[in-house]
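Look for subunit A in each of the two complexes below; its partner is subunit B in the first and subunit C in the second.
Let's look at the complex of A and B:
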């Protein structure tokens, strides 16, 4: 308890400062939401790995609780070269945030006031709205007030509460009904890497009925500091929506990265989510979806790479709350040096959710004898007419395969690389958009080859 | 080309090879026959450099160089090829990527220019056609979901691309029906350009009707118990191995 007593006042000071002059936009409802969220944070404190706190059994956030993080000052975009982050395609809808601050000069989507007015929103055949959350709040987009914090309430989770307490800006993506967006929507969050800075990226995505889009969220750092990214994404889909989400995380090796994604899926909607964690010192990623109507389908894929003393914790939760919905999960970990991976896959099949199909696989490749992984499926099934499978595996590189490759003239390093890439390809192949897949594959290749 | 002298080898501390002598010249085909457990596959693996197969005595030279001092990949680069009895399935690794990596290692070793994916694609397509393999199969993961016949044909494709000088074919006919065997054997024969030698490791005489050996050796309990010509294989086909085992004191 002592760490709360010492850490919380500094958060409290900051919150009061933020409330009085840090928040650029402040409608009354949002002030209330923030205040209530901060109250929740003070009540909850940071989670501890104490006995009985199952979701935090393997992940110790004391280093976060004990550090004194401060909100970033606005950093000018001068000197930031986006070349390395560019997607290999001619057109993207791109928003760039540096240390949590929107950068109009680097973004391609200056949202006009007209584009956010409710009377033109959601019209069939319109292009997507890809803009600042701050703008959507300022222009009173009804959907924002209705949805913000609905899927990720601040009551039960300290990090969610903190994100909402310091909510100021972020990305708002809305795909109108019946709209197919051919270009990737690219949300780029760059940290300057300044020591002890915290950002709370917030994203709200609403996919209209029978719409189709790809959204890539990408987290990078310019320099290696012990900063904290506390990201929160809420995703709501309308019937028949097809949404492809991808997250690429390459934070500094000293950074803390907490990411929470909460989704709600309507009838016959389909979400594909691929998360790729390649950086950070301590990474905790929660991905949850509520399959709230029949025909909803989710594909959750993940790849995590541990090197040095990195700790990567993935928690997934699929709530089968309606009959005839399906879920598929493939999470793969590569753990080198003395890194530690955690996977916990929660699946809840509620009593009336007959004809549920739920598959889950977690495979881990240990490249070092000091690397560790804890994996656990958590299936709760209360319906009887269901197809549910789960499997977990932990192993080393296949020695027979390694010899087979070498017997064809391939050297040790190249052979190991081929096998590691073969191991991850199943996850990367789940990225449907070609440009996004190529971009992420490149990042994975650089990360894996740079480390050995 | 290959000189094996008094070769002793252990697997998991158990001596399997107990003094093998074998001499393979250029353009020769040798058959190593023997009952199960006699050490045939062990000999093949020791020559290819498989980890876990420990040589405790004896020597092997390849073109005069100490073969046993070289790692497996270096042996392959110098022209040695082992066709596996059970080719390994490697999920997620595409055939063409894998084979291009191997091919370019050999080119690099020979001081030749490496092939980019486009040029290699042309090469592998023409080789696939030559060994009667569907070129689309080269885009699939290595051996994954392949039938027994497809796996063996894939080994032949790899030989066609890598063009080894010494081929060790471990039970090349296992899992093949007579038609598949004929096709695989024809593929191997077509690849037998001058300067190529072959070691056929086999339990049965069957494959020797398709790939005629110049020399036949019978391995019994880790030693060559008898060497001869094609007639020796025929004799084994009729009489089995018992009479030789008795002679070797087994």
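Let's look at the complex of A and C:
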């Protein structure tokens, strides 16, 4: 990464203020982590689309680099009506953050010190721990210190460094060994839409051995504003864990959304991740998993919708570091108006990762002549006994299919909607939890119909 | 098989590794303005060409000064000392050659050993050959036949003298000197190459062919090929390459430019068998080549077919600019990387005109410690209505120490485009091997049968005599690599 021409004094000032204003009660180790992360950020600077910087070839974050963001202040519960964000199911484990600050009045999971205490944690058969990351840090949950920043090191990525430097709160989810959590865990991040504020939501998810759970992260905005969300999620699984992750992003049309997810999978663990990007002005989402032991399986799905001037960049990376692991990826994009969709999918099969199965597909629907798609599926393979495929396609709605529907008396608009719906359903069907799927499907339908 | 020594295998698998004792005239090692002037003077070039070279030279030195060497390819090699290379080597004495009798007998013997139909009687084989020995073109056969049709097939240096207007118009029009690092180097010091012009409406009666041979020690080869197919013409052009076995790495940085006007078709086939280095990665040719065709006219067609079995490092992306409406670009490639070979190859299809189509079939084979990368770009510009692309790149892995990589870029700026990309990576399956062995084939033969099947889509695009050579090359190269 190359240093951006513009210096970032405002970030330095803010970090200084942040360090000495409320953050000093943190344990010493965390203060060290933040300090070194900020050092990394200063060294790296924001990435540029300069020649040779392949991961940022198509995405220019200059608007972020040049804007001056301030840390979001805590706005007490402004009478936010959660009705619109409710999941259609009787019980959820819900945490709500407004501008990055925990909102106890809206959350369902008041976690006590006892609930987070280490000897209770991870006990077989207990319910999940869904709480504030700040609590977990304060109550010295050992897992937090062990895992925080381990999967997402601040050395190589400016946005990760920035998130860690300003790490204060977020969500901490722990599923004890052998626990099946029937109801969805819902992490709701709401931005009030104030201009030029930045939030750094941090999420740490640890799935115990043979556990099973669904976690939905949802990013919304109350009002249009050019704010920045720089989210970072770290996911660790124990052997046999089955974790279903879903992310729904409907930020304001002027907002910047940077999201990084780093996962590590243990033996026979299974992660299914579905990301749905419907909002934002500039979206950059990196999803990476390390398949570190045999039998690990990951299913990465994504749907991105571009309208107006939106720029959506999805980068995935699957690291097959052990034999007998499998991965599957399906990313689909719908690009309208003068939007710009980017997909880059990396699959690395390391030496001796025999018996690897890796499939990847990226399909894009171009609905407007001003829209652009850049897709780059990458395979890097160093083992011979593997089955790896990737495919990419860019096109418009099938004229024959449209004609078929119209010849059956279906109007052009309805026919188009049907075809688009069919196109996206492959991704949405990967959401296993019924309530979450229904919720996301509705959001997608609203978004697609609203634009037409 | 396993008991044979590495040395035996190496000798067996590269049978073009000898050198020829010819008196050579060469430039001293190093690159400077004087050398560029010296080369130009040696070749009796006009002033405009010298200026063109100097512009390229200054551009290259700027790039070198800024250390702007291309670093994106998936290959590793020690830094190249551009001052240690001799930029010009030619067999001596350089007389005006009129018939085969005047060509150095040693050189003729060389070509005979290479199996090139250079001699008069072999004209009947229907191949016109331009042979490039080190840096200069030794002779072009079958000139008369071609002259009857108005086809110009000569060395570039000759064309500069005889058809300066054509050379001046098209040289650098597809690959400008500023295109990339090695293209700049080539533009500054290119020594010779082939020039082809097919007049309007002519279907070239012979397969045109160039054979490239690096012989001199410490030299690089920088040839430049320019093919122009005028309206409604057709030409099929073949190129082959080989080099002696040496411990040093020699640089080959060629530029090939194709121009197809309205309704013209160019078929360009390559069998590249430069010395790949020994099994420990010592020696071998660095093959850093820029090849690009321009479908300048409507309904024109350019097709690249390549079989890449040699070179220590291959860095090569034969591309097509689809400028004319309804033009077509094709790329068929087989790349083999074994031993310590590294191949980073692919294509660029740039859709500019309306209703253009492109097709990419790439087959990569990795064996031993070889690393094979397909790197391709399909770009559809906003005005390219109705562009269609199909890409398929398959990789075959033999052994667990090799690597196969696929890095396609797809950039689409027009919604009417239809772009499809498919890729797969597998090994030779045990079931297939077992099936063949059960029918009495030795394991090695079975593998060879399967590999031939794997590359068939590409090899069948080659002219017959090349197809046979390609099959044999693959077979020889894969001996002893049963995974």
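Keep this in mind: the second predicted complex is superposed on the first by the 442 of 452 C-alpha atoms of A that agree within 3 Å, B and C clash if a C-alpha of one lies under 4 Å from a C-alpha of the other, contacts with A are read in each partner's own complex, and residues count from 1 in each chain.
One rule holds for everything that comes next: a residue touches a chain if its C-beta (ideal position, glycine included) is under 8 Å from a C-beta of that chain, and two chains touch if they have at least 3 such contacts.
In this text, all values refer to a predicted model and were calculated from it rather than measured experimentally.
Q: Putting subunit B and subunit C onto subunit A via the overlay, clash or fit?
A: When both complexes are placed onto subunit A, subunit B and subunit C end up side by side without any clash.
Q: So in the superposed three-chain picture, is A:425 touching just subunit B, just subunit C, both, or none of them (first/second/both/neither)?
A: first
Q: With both structures superposed on the shared chain, find the angle between the C-alpha centres of subunit B and subunit C as seen from the C-alpha centre of subunit A, to the nearest 10 degrees.
A: Seen from the centre of subunit A, the opening angle is 70 degrees.
Q: Using the superposition on chain A described above, determine whether A:414 touches subunit B (first), subunit C (second), both, or neither.
A: So A:414 only meets subunit B here.
Q: With both complexes overlaid on chain A, does A:400 touch subunit B (first), subunit C (second), both or neither?
A: A:400: touches subunit B, not subunit C.
Q: Under the stated touch criterion, name the partner, subunit B or subunit C, that contacts more residues in subunit A.
A: C
Q: Could you look at A:297 and tell me whether it touches subunit B, subunit C, both or neither (first, second, both, neither)?
A: Neither partner.
Q: After superposing the two complexes on chain A, what is the shortest C-alpha distance between subunit B and subunit C, in Å?
A: The answer is 14 Å, the least C-alpha separation in the overlay.
Q: Okay, in this complex, where on subunit A does subunit C touch?
A: The touching residues are 52, 54, 351-352, 354, 364, 366-396.
Q: Under the touch definition given earlier, write down the residues of subunit B that touch subunit A in their complex.
A: 48-51, 71-73, 75-77, 81-82, 84, 87-88, 90-93, 97-99, 101-103, 105-106, 109, 141-142, 158, 162
Q: Okay, in this complex, where on subunit C does subunit A touch?
A: Counting only subunit C, the residues touching subunit A are 71-72, 380, 382, 395, 397-427, 483.
Q: Would you pull the subunit A residues touching subunit B in the complex into a rising list?
A: For this pair, the touching residues of subunit A are 398-401, 403-412, 414-415, 418-419, 421-426.
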